[in-house]
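Each of the next two complexes has chain A plus one more chain, namely chain B in the first and chain C in the second.
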Partner chain A sequence: MVLKIFFPQCCNKADSGLLVGRWIPGQNSAVVLAVIHYPFIPGQVKQYIHQVECVCVSVNGKLVQQEKELKEDGGGEKGGTKRGGGEKEVEGEEGGGEKDKVIFIHYEQRKVMLSQLHPIDNGVPDPQTESQLPQVTTYVLSVFGTVCQSEPLFFLDKYDDGPVKMTHWQSEGREGSIIVELMKQASTPVCLLTTWMLTLWTSLCSSRILNMRPMRFISSKLSTCLQLSYRTEHLQTVCSPTRATAHNHFMRKANIFVSFFVDVSLGLLLVSWMYRENRIGKLANTLVPAADHVAKELEELLQWLMGAPAGLKMNRALDQVLGRFFLYHIHLWISYIHLMSPFIEMILWYVGLSACLGLTFALSLLSDITALLTFHIYCFYVYGARLYCMTVYGLSSLWRLFRGKKWNVLRQRVDSCSYDLDQLFIGTLLFTILLFLLPTTALYYLVFTLLRLVVVMFQGVLHLSVDFINSFPLFAMGLRLFRSYRLAEGVKFRVLCEEPGTPLHLMMDINPLKVSSVVQTYRTPTYSCYPKDSWLALCKKLFLGELIYPWRHKTTKID
Partner chain B sequence: MGADSGSGAAPGPAVPWRKVLWERQPFPDNYVDRRFLEELRRNEGLRQYRYWAVVQEAGLVAQQISCVALFLTLWLYMEQGLLSPSTLLWTGLLCALLGYGLYQALAPRGDSDNHHRTRWSDLQSASIFLSFTFGFSPVLRTLTESVCTDTVYAMTALMLLAHLVAFPYAQPSPPGSLSLNAALFASVCLASRLPGDLHTSGGLDSSSSPSSLHTFTMLCWALLVFALWPCLLQRLRDCAPWVFGCVCVLVGVCGVGGLGSLWPGGAVLLAALLGTVTLLCPLLLIRLQSDKDNIQGPWDEAEIQEDLTHFLH
Partner chain C sequence: MQNGDQHYSMEDETYTDIDGKAISLECQSHSGFCREFTVSSAKVSIGRVMAYTCAVWLSAYIIFFVTENTAVLSSAIIITLVGMMVHIHFVKVDHETLLIIGSLGVQVSSSYASGRESTDFIEMGKIKDIVINEAIHMVRKIKDMVINEAIHMVRKIKDIVINEAIHMQTVIYYLCILLKDPSDPEAVSSVVPLFQSSKPRLNCLVKVYKSCQEILAKC
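Now for the complex of A and B:
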């Protein structure tokens, strides 16, 4: 059996002493954590080890520098001597002088201590699942786990006056920073204050006045309100006074905090740029003429439809009726916009200030303003779609009557049916009428659907960017770029010294997680704004004239 | 087993071959004996047609073709302005009344209560027809305004052909959905192509749309010819078969005559068609019966001969 010993790199140059570590039984390996130097009193060492309450740490063996004798105790199961330095030899106790193979695996203790392993389960890295993992993954996990759990062992450094003198990764002195300490002290009262304010805000939002039917309906349609509620939730997660224990929870909090910070700073940048040279005023002044221009274009479009558009033959009477109806709507809309025009600048000025809360708010506001300004296009689309839908359903039903069949609702199939004479007569008349009126309704439906789709695409782009800003894990990405050892996918081994007759020396390096896996694992779940219909279902809905709302918001996922 | 015994050669042992599948026999699987195909029956259930009976049945088809021709003649008359729509309308209503009277007179002896009820429902149906037709006429007259005339004629021809093909010749009384609907569709198409009244449509219009009266008249006549006339015909056939034959001949003659007054060539063609359908096709049918070669045997699907309705009680 091959004996594997994990040896910290920092202890390579240490003075001789006792090796302290953990024996992993199933894998025939030992993880060395620290070296306790001479002189020491064995009783005190034992007491100290019990004191720091490490898990399964026991004295493994002895490191002897330059004379190269490492005595290995190994929990009393196996014995052997090793010679350190240039040559290392192993003698086995059992088996009558057989030479066991020993592999020394060097590891950087600091990196292994701080890193989080993401075992790949079915190709998906997940730092949490431990069941059904291959044996080698649990092995590596146990090695990492040993080092992480022995944190109390590393508190004593060489400047402390304790009963034992040890060498480990922190023995040169513990890391610390004044700024970090100050922030840690200040964070608790800040968190408490923020939590209190957020509770106040949420109780205000759920008060009875604001929860009445019309207000709730409007606020569910406006994406700004949605974004507001979403950010409130985020802040509540970040500012909870309890410390994050699990790695996932910590990463989630860090990601939310960083993205919120970036969002607010970008928003402030935008606000300062917009308000600098009275750009808001200029924007407001161009808004009303832009709306006018859109309305004029629509009027021209309708006049074109009322003639012979693209040489198509329209039914003249229906054409005139529909065209006049829509023209009247546009006239109403223009009057409404002109009524609002004195107040636009003021409203825009105050509303623009809310972009201070973040770039996402500015984008949501833009999306809402677009929706409000193109409300007439939405109305036209609904009218056209309903008319077309009725025509199509009527035609399909009457076509079945034409052939003498009928839809059986119970069996969900088409059955034959014997109709009365008057049913047949009226059915045929209606079928003829609907069939000849179909091109006209279809054309109006097509035109208004295209317009509506343009608006929807624009809004969709805005929503997608908001979603991206909300969910992208900036903190995790930063960690991956600058401290890549903290997010580990696995380990890789490098051969340091391979000579016959001496034990094999390997160096264990940490394999960082792939960038795509980082994004996939640490994405903040949002109210995903992806299209809820596949392309085929969308085309089918368009063909039948059903109303489409492609960017439906899912409810916020509760994690 | 296998190769040495060919089909038809009886093997030596005295074990006879039985036509069963569950027993292992010393014969190959595809062995057949002398009695192969003795259960084959040829041309079972072949009907013997008599020429004049078939001619009589074919008369109904010819009658229907002439009906269509009559309808087209009426339309041609209105299109060329030889008949005013009001005249036709009153004529149509009169014919309807006459036909209704005849229908009731030929009714089988039922209870009079039934008569009253059906008369009331008939009145209801008639009022529904008239009101709907009158109400939809203004819509219908401009329906095919923008469609090219050739397309309209092509659609009409197709629909009338569908009507003739799908007509329930065996029992015309409840009219078949497809045939009636196709005929009505064709009549709507034709009605929209009638010339308009110059007073009703604006004088500067290049496309003169037909007036509502034209459309109304056309639809009323379509209803008469395609929906109500087959019911009367069925009644006649049930009550007085010899009158039925005379009526068919009469209708044929009227059709040819009416078409001939406007288009003699068409009349000749129609007469030829009627003659073929009535006289030539039955001859062909009877002649070709001798070429029939149907085989039936125990391999056919089982048909249940008895009446299973007694299971429903």
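Now for the complex of A and C:
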């Protein structure tokens, strides 16, 4: 097998010294981690290496300043492998200077240290964390793992007064930032404070008063309350005082924090815009006339249905009954709205302030207000649907009677049955009546279902956008765009220019994760709003007159 | 260019892809066990670009003439620009490269017309073999259905009709990498086809195949 040596780019310009690295068994490759400079005491070096408890660190090869000799020596020398504790020496293979059988692979140590590999596991990228043991260690994974596990080796560099002077990726200066350090210091008390407030809030929410049946029912229907509970959970995850060690947890926390931050800032922007020129007052003032307008349109629609809609001939009596029934409802609704109108501005003003908590709250609020204002449409839909449903069931059952069959509830199938004469007579009469009344009920049902569907679509769009804001991994996307080496799908190689007669030199770059994989892997799981039924099932339900609730909320996943 | 590598492109033989368009193959041998093959497809032809643009704008002008709405014109411009950008960034492949490094792995990369590169590296430990596979490429034309019907109806002229029927389908060859399952080294877990956009013909594939087999045999 060809000998492969991974050499960090930062050590290309280092002074002469001894190479320290690790040998990967079975792959005939060595990963060089750092260069120890002259002068040094070999005993101290060995002690230091044992101290930083690098398992299987081997001291191999000498780095001499001229490039030419590097290649020859790197290919030639092979030191012994020492295990921590025991003195087991294993001679490396291919000690001879066979220049053709050596590959030098240059790698950027900083990028490899900071990146997180996502090997594709059955077509799904899966970030390997230290806690889970990978089933199959691939070659690239072992190289990355080798570099990452040698972190204690990088604590000392050539400017420190330690026993050894080394060059590695940190030797140009330890990586750090004042702001990050300050934030880390400040975060602990802030986290504790927020956790305490959140526990107060959750205990308040789960108190007995708020948990009575009617309040529970209302709060489960209002999407604002749902969003509130969801955000509380998120904040609890983010503000937990324990540090996130695994990569997954860190990314989850960071994503939630960034999306919460963006959400709140967008909400504040919206609030500042809405309250600036008393736009909220203007909005409240247009709300009542808008509701009036909707009611007037509905009345006209009902008058049209009570006449001869689209040239169809309705059953006059039933038509008048249904029309008057719905008209009375609208009248009640309008009176209620007019009763509320003096308070609407004040309510809207205070409720609009809750948009400070985030844009998602504003959208959920809008969805709830729409639901409340179109409550009468929902009621009409329910009445129309129930009437139509009863008509259809009655018709189907009487149709079976007409043919001499019966539905067997026990066997869940249609059986033949012999009816008495008077049963048949009454059944046929009822069937005829229902059949001739069907167009009227069907038309009312159709009109109100269409109105209800329009409202449902609008609410669905709002819920989908809330869901999108909740679950989109902004931090991971930002990382992918600006620090693409942090999320790695794999590696890629490039051949560097070379002279004839020298070993092959390759450059190993990080292959960043695809944008679609980033979104798929790091999506925050939400109570996502998705259509419960397929199109076919929906159409079937509409035809039979069953009540449809097209959007269903998933319960929050517990990870 | 490097004086060290052997760098040669096949000038004496012109290669074509399965549709008949001219492509070029470039082989670079960086070392005894490292070779790179680049297959370049035809570039974006200016004639086709102009034809599409003219078609879109002509129809936009006609619609504008009918409806007198200027938004139609601006939307046509935007559609053309966005369509062209999407095409050169996501659809049009300029060249595909296969870099094989003995005992390390195989790297497959496609480079798009806008310069974007999409790379995939497969380790040697996962590769079982590199082979040329055959596939039957159905040419979906009305002609075929008519010929097929003729086979059913005219059974007398069996020989001539069947021969013609086989010529109507084309057999294509593609180079692919067989991956092995880590748990079962004998079974082939999946197949990665190479040069999917350029689709070179058998003569080109055979050269690449021979070089790859030399390297795989060495390591």
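Criterion: the second predicted complex is superposed on the first by the 508 of 559 C-alpha atoms of A that agree within 3 Å, B and C clash if a C-alpha of one lies under 4 Å from a C-alpha of the other, contacts with A are read in each partner's own complex, and residues count from 1 in each chain.
As a working rule, a contact is a pair of C-beta atoms (placed from the backbone, for glycine too) under 8 Å apart; a residue touches a chain by one contact, two chains touch by 3 or more.
Bear in mind that the values here come from a model prediction, so they are computed numbers and not experimental data.
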After the superposition on A, what does A:Val495 contact: first (chain B), second (chain C), both or neither?
second
Please indicate which partner A:Asn248 is in contact with in the superposed arrangement: first for chain B, second for chain C, both, or neither.
neither
Could you tell me if A:Ile103 is touching chain B, chain C, both of them or neither one (first, second, both, neither)?
second
Just chain B (first), just chain C (second), both, or neither: which does A:Gln520 touch?
neither
Of the two partner chains, chain B (first) and chain C (second), which one does A:Ile426 touch, if any: first, second, both, or neither?
first
Pick one for A:Asn511: touches chain B only (first), chain C only (second), both, or neither.
second
After lining up the shared chain so the two structures overlap, which partner does A:Arg316 touch, if you call chain B first and chain C second: first, second, both or neither?
first
Using the touch definition up top, name the residues of chain A that touch chain B in the complex.
313-317, 401-404, 418-419, 421-422, 424-429, 431-433, 436-437
Sort out for me which residues of chain C touch chain A in the complex.
2-5, 30-34, 36, 99, 101-105, 107, 109, 119-121, 123-126, 182, 219
For chain A, which residues count as touching chain C in their complex?
1-2, 4, 28, 100, 103, 105, 136, 138-140, 490-493, 495, 497-504, 506, 511
Within the complex, chain A is touched by chain B residues 125, 128-129, 132-133, 136, 139-140, 142-147, 174-178, 180-181, 184-185, 188, 223, 227
